[in-house]
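Okay, so subunit A shows up in both of these, paired with subunit B first and subunit C after.
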Partner chain A sequence: MEPLTAMFAIILGGVLVGICVHFIPASATGAMSAATGIATGPSMLSAGAGMAGILSAAYSMDSGLAVVLASGATGSALMMVLTILGGNIANAFGTGVSPASGQTASGQSILGKSTKDAITGWDQKPYISPGTDGHGMPVQTHISGLIGAFIGGIGGALVLFAVYTLLAPILKPEAAFTIAGVIGAGVFLINSVLPAYTLVGKTEGMFDQKIRRTPKTLISCLIVSTVIAVLIYSAAVVI
Partner chain B sequence: MLPLLGTVLAGLLAFLAGIFEDSESNAGSASNPNSQVQLAPQIGHRHRYFNKAISGEPPANALWATTAATVAVLLVAKFETFNPVYSVIFSSVIGALVSTLLLGLYGIFSHISRVASMKTFKQTLYWDALYSALPLDLSFGFLTAFSLTLLSFTAGMMLNNPFSVPLIAFMLGITIGTIGSSTGDIHYGAERLYQHHIFGSGIPISNQGDIDVKGEYGYRNSVDTPYFTLRFGATITAFTFGLLIFLDSLSRVFVFAGAWSSVIVELGMILIIFIVTVYLEKYTRDRYGPYTR
Partner chain C sequence: MNMDIKKLEQICVHLRSSAVYKFLCINKEFTSPQLYLIALVLGLIAILMVKFSHSLTPIAVILIWPAFLCGANAVRQVARYGLGTGTASIGYWGTAVGATMAFTSQFINPAYNFVSPYFEIFGALIVGAVTGICAQKIIKMKIPVMIRDSAVLASSTAIIAMFFLAMLTEYSAQVFTLDAYITYPLIYIAITLAILHPFNGSMGAGENQKRTLRLSALEASMTTGLFGLIALLFSEALFLTGVSVIIVSTAGFFIFVKRWFAAVKEDTYEFAWTGYPPAEH
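Take a look at the complex of A and B:
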């Protein structure tokens, strides 16, 4: 990868991370089984999945860009799918509720007035406890979370690989790996926190109305990632 | 043989770390359910829960794990003349002790300042709520940091992760915090805090803050919490994090398609787990049925 291409790869990776957060269903009140989504903030959940992806991608850094991206994506997706399974088990046997989407049940999702799950066609409305906004992760949000994890994993791995390519010629391999990891994690954390301002603590993924606000996130992530990428490029190549 | 042994050891350490992490967060009312403990005085419930939410669970755990791993790596370099296994274990103990000290300091001040902010709602600062729960919380914090440090050394030395050990600990800390906060905490936030509410429903927004303040004997305190959540919430966290580390490491043991083998194996695992989750949803819908009063 050319240094200039690497700089653009860092920008692209950062933007992908920002987009991924919109796809990952999460809500803090999920911890009281009072909202659909994984029971933590969308930003932190994406960060956790991203770190798992970066750790996974690091193992295959010598095998080329395609394998690194694929490893990052599958590492993140594995973390996401296991967390959704764990969360649904806790909801099913710890609190005795079945997964149901609150927005779909109230007919406010982007699916229109339908109260049925977009993938399985299971009706969501009768399974919502009154006074709550759904609970757990039904299949449609699960698919959305998986897509988000794949996008985020690719973004994180892309940043890691690009920074490593920039640093490899000027540093010892161990130092280049570690600094690339720190920058990869940093870019991921920054870009996964930015969408918190558009999501306001809760989202049901790609079937949520908030998915329409993705362009706002895209612009802010683009600006922030460009600044970071230019700084890293100047530090590694120009100076 | 070494990668397989490393995989099994990493899975075991991750499982233990999951149990301790969830218990630590529940003993200290950290993460999302802390909002309920914070709300309780506002609706007239004086409580004796130990409430230290220093930050979100992921950054907090990243801090404990990174502190412990950094100290441990420095000490391992000092003890290089000893047997490497003993020096790693010994250094990890000292590293975890340092991070426990940090947790203790943050925990005490965080609890005191959180209770002080509830002065308007007549919440008293009960010293027994702090002194009885703090040692338990610190013990779980120590064990979490210790297992995560050992896990980072296993990933770095036996599984050949190219990152340095403190960076691995940082990433594992963020991941375990996320998993603990999104799986085990449901058992604390939706069930343990609300045991007097009907089982089999979420907690409506109007009931939030109406937590259980009385225990089997006197007032409920945070020492009772891990005793309850260890049986289910902590196990789920351990199951999720342990399985993540185990399956992720196991996928790299296969070599049938060169560098792509781990990706193919992981995709297969994702598909299987997805199908299990869909069946779980179907099972709960059939078993529990629609919501009825």
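Take a look at the complex of A and C:
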């Protein structure tokens, strides 16, 4: 990968990371089973998925870009699936509530007035506990999280590969590898916090009305990633 | 004896009304630009001192503490408005910008080493400001201090990261900054915790800047002490640096823990003696 291409790859990776946050269901009040989504802030959850992706991508660094991206996406998606499974087990057998989408149950999701799960067709309304905005992760939310983690994993792996390409000619391999990983994680964290501002700490994923705010995130992440990529490129190639 | 006490009281009254006391802002809050100016000047001096001679590290460690206070205050300023993300997230974000920029110093051609640490610190300031502008203008967040404090937060973490990178280096003993790459994740997480925790640990109805900054100073001394230990284990050439940093940080820790605990007791005096909430007596 040419240095200039690597710079554009860092920008693209940053933007993909930003978009992925909109797909990952997260809610702080989910900790009390009072809202649909994994019980943490969207940015922290996305960052966790991204780091899992970067770690798995690192294992296939010598196998070329396509394998690195596939490895990152798979690692990230696996982390997300296991987290959702763990959350649902805690909700079902610990708290005693079944996974249900609050927005779909109230007819406010992007599916319109339908109160049924977009994938299974199961009605969500009867399963909502009074006074809550849903709980757990129903199938449509689960699939959304999977897609989000897949996108985020590709973004993280792309940044890792691009930074490694920039550093490999000027540093010894272990140092280039470690620094690329830390910078990849840094770029992931920077871009995963910006969407959290638009989501205001809570989202049900791609069926949430907040998915319509993705263009704002896209533009913000594009600008911030461009500045970071230019600075990294300047430090590695120009100066 | 009574005369002595009266004289002492008069001196105390005189001191409290003096300009020096007011300048130290004991009763009034520091603003972000004030703290940033102190952190930037002292931080740059600290980094340059360590680069000039490693024997000056124990003094430089004291000069880097204001950067921790500045970062913690920036988190406090932004998080007080109620973010769309948590206090932890903004701390992670700030350090992500600062530490990422600091680590880019490793790519710079040694012939252009003179641009470091200015390139990294001002690079972080730019990225922080751009993120603040995006949050304010594109995402339309209603936080008036967003641009200023995002920039201050990112830059102050870059100052701290650059200092730790310089501290773990001893050119005369062939321990180069690049050799410290295994400590990068630790540098990242340690700075993050020291920056985000003071406000997170003090937040609530009675939160005030004095107590938050005292907790921040306490955590700053703990963090520098930790890196003194790392320097000690990292290389034999850094043995004296490590020991001296641990001694200075421990002294700072005991001073700050006393000051912080005094502030805690002062803020909770209503509860300390009765054992009942104020509404019940």
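Note that in this section the second predicted complex is superposed on the first by the 239 of 239 C-alpha atoms of A that agree within 3 Å, B and C clash if a C-alpha of one lies under 4 Å from a C-alpha of the other, contacts with A are read in each partner's own complex, and residues count from 1 in each chain.
FYI, contacts are C-beta pairs under 8 Å (C-beta built on N, C-alpha and C of every residue); 3 or more make two chains touch, one makes a residue touch a chain.
Just so you know, these numbers come straight off a predicted model, no measurement behind them.
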{"item": "Subunit B versus subunit C as contact partner of A:28, first or second or both or neither", "value": "both"}
{"item": "Touched partner set for A:103, first subunit B, second subunit C, both or neither", "value": "neither"}
{"item": "Contacts of A:115 with subunit B and subunit C, given as first, second, both or neither", "value": "neither"}
{"item": "First, second, both or neither for A:44, with subunit B first and subunit C second", "value": "both"}
{"item": "First, second, both or neither for A:82, with subunit B first and subunit C second", "value": "first"}
{"item": "Partner chain(s) touched by A:178 [first = subunit B, second = subunit C, both, neither]", "value": "both"}
{"item": "First, second, both or neither for A:170, with subunit B first and subunit C second", "value": "second"}
{"item": "Comparison of subunit B and subunit C by subunit A residues contacted", "value": "B"}
{"item": "Subunit B versus subunit C as contact partner of A:235, first or second or both or neither", "value": "second"}
{"item": "Which superposed partner A:52 touches (first subunit B, second subunit C, both, neither)", "value": "first"}
{"item": "Set of subunit A residues, in rising order, touched by both subunit B and subunit C", "value": "28, 41, 44, 47, 174, 178, 182, 185"}
{"item": "Interface residues, subunit B side, partner subunit A - complex", "value": "31-33, 35-36, 56-59, 155, 159-164, 167-168, 170-172, 174-175, 177-179, 181-191, 194, 199-208, 232-233, 236-237, 239-240, 243-244, 247-248, 251-252, 258-260, 262-263, 266-267, 269-270, 273-274, 276-278, 280-281, 283-285, 288, 290-291"}
{"item": "Interfacial residue positions of subunit A with respect to subunit B in the complex", "value": "26, 28-34, 38-41, 44-45, 47-49, 51-52, 54-56, 58-61, 63-64, 67, 70-71, 74-75, 77-79, 81-99, 120, 122, 126-132, 134-139, 142, 146, 173-174, 177-178, 181-182, 185"}
{"item": "In the complex with subunit A, residue positions of subunit C that touch it", "value": "83-86, 88-90, 92-93, 96-97, 99-101, 103-109, 112, 115, 119, 123, 126-127, 130-131, 134-135, 138-139, 141, 178, 181-182, 184-185, 188"}
{"item": "Subunit C-touching residues of subunit A, taken from the complex the two chains share", "value": "28, 41-44, 47, 166-167, 170-172, 174-175, 178-179, 182-183, 185-187, 189-190, 193-194, 196-201, 216-217, 219-220, 223-224, 227-228, 231-232, 235-236, 239"}
